[in-house]
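Labels A, B and C are assigned to the chains in the order they are written; within every chain, residues are numbered from 1.
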Amino acid sequence: MIRGSSYRSIPAKYKDMADEIKMLKVTIDNITIEVPQGTTILQAARQIGGEVAPPAMCFYTKLKGSGGKCRTCLVEVSKGSEADPRPMPKLVASCRTGVMDGMEVKNITSGKVTDARSGVVEFLLLNHPLDCPVCDQAGECHLQDLSYSHGKEGTRYEFTRRTFEKHDLGPYIQLHMTRCILCYRCVFVADQVTGKRVHGVLSRGDHAEIATHIEQSLDNEFIGNVIDVCPVGALTDKTFRFKNRVWFTKPVDAHRDCTSCKGKVTLWQRGDEVLRVTGRKDQWGEVEDWICNTCRFEKKHVSDWVIDGPAKIDRHSVISQGHYTGLDKPKETFSAVHGGRAPKLLMDIHSVSEVNRPGIALSEIQGPATSDTFNIDQQA
Amino acid sequence: MTQFSDTRLAEVRQIIDRYPEGKQKSALIPVLHMAQEDFGGWLSPDTMDYVGSLMQLEPIEVYEVATFYSMFNTEPVGRHVFEVCQTGPCMLRGSDDIISYIKAKLGIGVGETTADGLFTLKTVECLGACGYAPMMQLGKHYREHLTPEKVDAIIEECRQTVA
Amino acid sequence: MGRKLLLEKAHIPGIRSYEVYRREGGYASVEKALRMAPADVVEEVKKSGLRGRGGAGFPTGMKWSFLAKPEGVPRYLVCNADESEPGTFKDRYLMEFIPHLLIEGLIAASWALGSNRTYIYIRGEYAWIVDILEQAIAEANANGWLGKNILGTGFDCQIYVQRGAGAYICGEETALIESLEGKRGNPRIKPPFPAVKGLWDCPTVVNNVETLAAVVPILNIGGEEYAKIGVGRSTGTKLISACGNINKPGVFEIDMNISVEEFIFSDEYCGGIANGKRLKACIPGGSSVPILPANLLLKTAKGETRMMHYEGLSDGGFATGSMMGSGGFIVLDEDQCVVRHTLTLARFYRHESCGQCSPCREGTGWMEKILNKIEYGKGQLSDIDLLWDIQRRIEGNTICPLGDAAAWPVAAAIRHFRDEFEWHVKHPEESQRRNYGLAHYADALTTV
């Protein structure tokens, strides 16, 4: 009876809501779609997909308040709306700008956007150590992808790169601040997923850094998610550190009964060994569910898990170029995928990936690290 | 021990009363100013943790704020801190020479403290005294229209207050 | 002699005290305002044509009318006293010498906007001015201008002074709000604008000190009368803080109907260039606005006399003009080095960047490093083009206007003084011994 009565009221309520949610027309790079009111330009562009979706380094759908900072998703609004067709005077952050009815947006069809974006990439890489050869994030690094897709070759920066002192964040998480692009995602995770934050952004301007101020370990049961949201190699999994390159590992989706999270993960295997556990990521690199530390760091046996099948990996990703089985391997070569451009950074990774040397302090190396950096013995 | 006096605690409560219910975090910057005044001219981790516990804030919230604002010292400083402006309008009126003069006179570089712990020299960016340049901040007040002679007098004055 | 509305009484002995201020007619505007409907006060300010005196020059009445008024949600008025733009020290002068004028303006504006708690956010370095303002607020309370049921109208209002702690960025209104909430001064991403979601997510108006002080004469003489002063859309009087190489640095009130030349050379204002030197260049509206060489400063590109008002200073756009900005008037004489001056400004903006968004965080530091190289004789000609390209990529692409503020001075210095940059590169040793001097910048110079 109770169920029955509530059933009657709910559809009516939904009907009201459906009336309230207006559908808006938006045209992005000449493709028109309809989206519900409250949708951002970025979300609308992701619905269209492909190259129309602007890159996003700081926005993360699940994290409230994220976005607006990295400026990679800037787009040109050439028509504000049907009601007010004036173009917006400046490029806007698509992740934080709501769609208006009749809005017209230019992303890759705007020279202004591609020019500004290549500028942003240059800024983001300005003080980045480019130590991809020894970075665990290599191969799944959003900054690496962004540089290939939107950057220019080489840098015009000729000064000593900024470095930071190392901070220890406890047994599971490695912080390599020099690689950080200050997206603030890990700060939002700590606030919104763990409820208690012990790390944050200290100092300001070009000295701003992610840190704990006094050395402290991050040990909340959900803090491991900061690793999954980090777009670069600033926060990496210590239990996976220098174990292998991601493209030599095989990702499979798996689950287990977990009392603190849904237990739905991706296992990164080599043979029968589980080298790493992460959340399952969608095509935009965002996790489907947050996972707990126990699942992430402590369940490293295949027997801990029920395997669901191979994880979906973008075939353009370097990961699917590797020893990946279970999906069709792309037939084209890596350089063909990248429009004939030689994968400058990745070449080095391949040549040195077997000789990773955790002992080399990258912060002491002038300029970007190259394979030579790791062959010091042979030079001497 | 890091602990405000009763009078100071009453002041803190007064400051918190300036804001609506539940918005006591707004008092953080004023309270950090008080803590810096009371506990040795800088904000040590202990001091910041005390402020955090006083205001029911996570320590990191305090660190984040304290390290953002240039008036908060997160390292120890000397008894008298010379904060000399070096931005454009002061530069036009000779602040570079004043900074060199102070360096030579005190025998320290920018960011350093004299061995006796009396003086710290800092360069700062525009303090809003451009018409009265060159200038420096010393404690709560500005010292303006600086000349080498004025700097000498200020140094002497500081030594007197210690003696 | 121009009309004085704000500083008219600033020199009366004891005007800082309530007794003298009241005797001189102070608080009349509050009496008047509280007899009017709040909406009518807003209307009066609209009629006056008053434009924000903090730098952007947005019409104040219009800003006030945008304030959202949802039921049961408090609204806040916040006074921006975080004066930090190099060259600007006018608000300090006002607060230091005639603090009751600001308090009076704040009460009238609080009534107009319905703010029961009003905050003055003042830069932390102005520590002694906090005492002056708190004294004035205490006096206003004691005399019934603040507190509960003001003048029997049922209106409650209290003003609090909040001290910052050293951050130029907190002059940006959303960074100011963040700081007032006890956080880092990171500007918010807009929209939402403060008029809808500001302090503690409530509708908020943030106005500059001088803007709020100007509400007093507007109510006293009426909006229409105020609008008659000045020219066109530059109504009323404006405080200009003049500094650099002039004979009489200080704060001047101008009715916006005098020429730049008169302002620099007449004894009523700057009193000419100091030490008998010649004028080289000037940044007329605070460090972020474009620098102009003497010839373009005194005359527009069309050869007309350049006037000291919003439209006059921006005549010619960024190509040959500048901006009124915050009214920080920085004068460079013939011995000054534009490269070095630009370097100090680049250093300033790098130091003050909050670090949130990448173009500003990385770009400001990069520009400083390159300028440093050029200034110290290590530059190359390509560095000048690189600088141009960097500033171009910062401008317009950042969260808040600090990016633009950092980019414009570099752009204008290269635009108008490129030969001086090139001279530094080509004469690395000589440029360490002497400055480039006047060159041709003062060709069109006349002296009054």
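One rule holds in what follows: a contact is a pair of C-beta atoms (placed from the backbone, for glycine too) under 8 Å apart; a residue touches a chain by one contact, two chains touch by 3 or more.
Keep in mind that this is a model prediction, so the values were computed, not measured.
Student: Return the chain pair with more inter-chain C-beta contacts, choosing between A-B and B-C.
Tutor: So, comparing the two chain pairs, more contacts are at B-C.
Student: So, comparing each chain's Cα centre against the centre of all protein Cα atoms, which one is closest?
Tutor: That would be chain C.
Student: Can you check how far apart chain A and chain B are, centre to centre, with Cα atoms defining each centre and the answer in Å?
Tutor: Averaging C-alpha atoms per chain gives centres 40 Å apart.
Student: Please work out the Cα centroid separation of chain B and chain C, and write it as a whole number of Å.
Tutor: Going by mean C-alpha positions, chain B sits 25 Å from chain C.
Student: Touching at least two other chains at once: which residues of chain A meet that condition?
Tutor: As it turns out, chain A has residues touching two or more other chains at 201, 203-204.
Student: Touching at least two other chains at once: which residues of chain C meet that condition?
Tutor: Answer for chain C, listing residues that touch two or more other chains: 167, 184, 351-352, 354.
Student: Among the residues of chain B, which are close enough to touch at least two other chains?
Tutor: Residues 64, 68.
Student: What part of chain B is in contact with chain A in the complex they form?
Tutor: Per the stated touch rule, the residues are 45, 48, 58-61, 63-64, 67-68.
Student: Sort out for me which residues of chain A touch chain C in the complex.
Tutor: 67-71, 74, 90-91, 93, 96, 98, 115-116, 119-120, 122-124, 126-127, 156-157, 159, 181-182, 184, 201, 203-208
Student: Where on chain C is chain A touching in the complex?
Tutor: 167, 184, 189, 191, 350-359, 361-366, 369, 386, 393, 396-399
Student: How about chain B: which of its residues touch chain C in the complex?
Tutor: By the definition above, chain B touches chain C via 18-20, 23, 25-30, 32-33, 64-65, 68-72, 86-89, 91-93, 124-133, 137, 140-142.
Student: Looking at the complex, which residues from chain C come into contact with chain B?
Tutor: So the residues of chain C in touch with chain B come to 74, 83-89, 92, 117, 123-128, 160, 162-168, 179-185, 200, 241-245, 249-251, 283, 287, 328, 330, 332, 336, 340-341, 344-345, 347-348, 351-352, 354.
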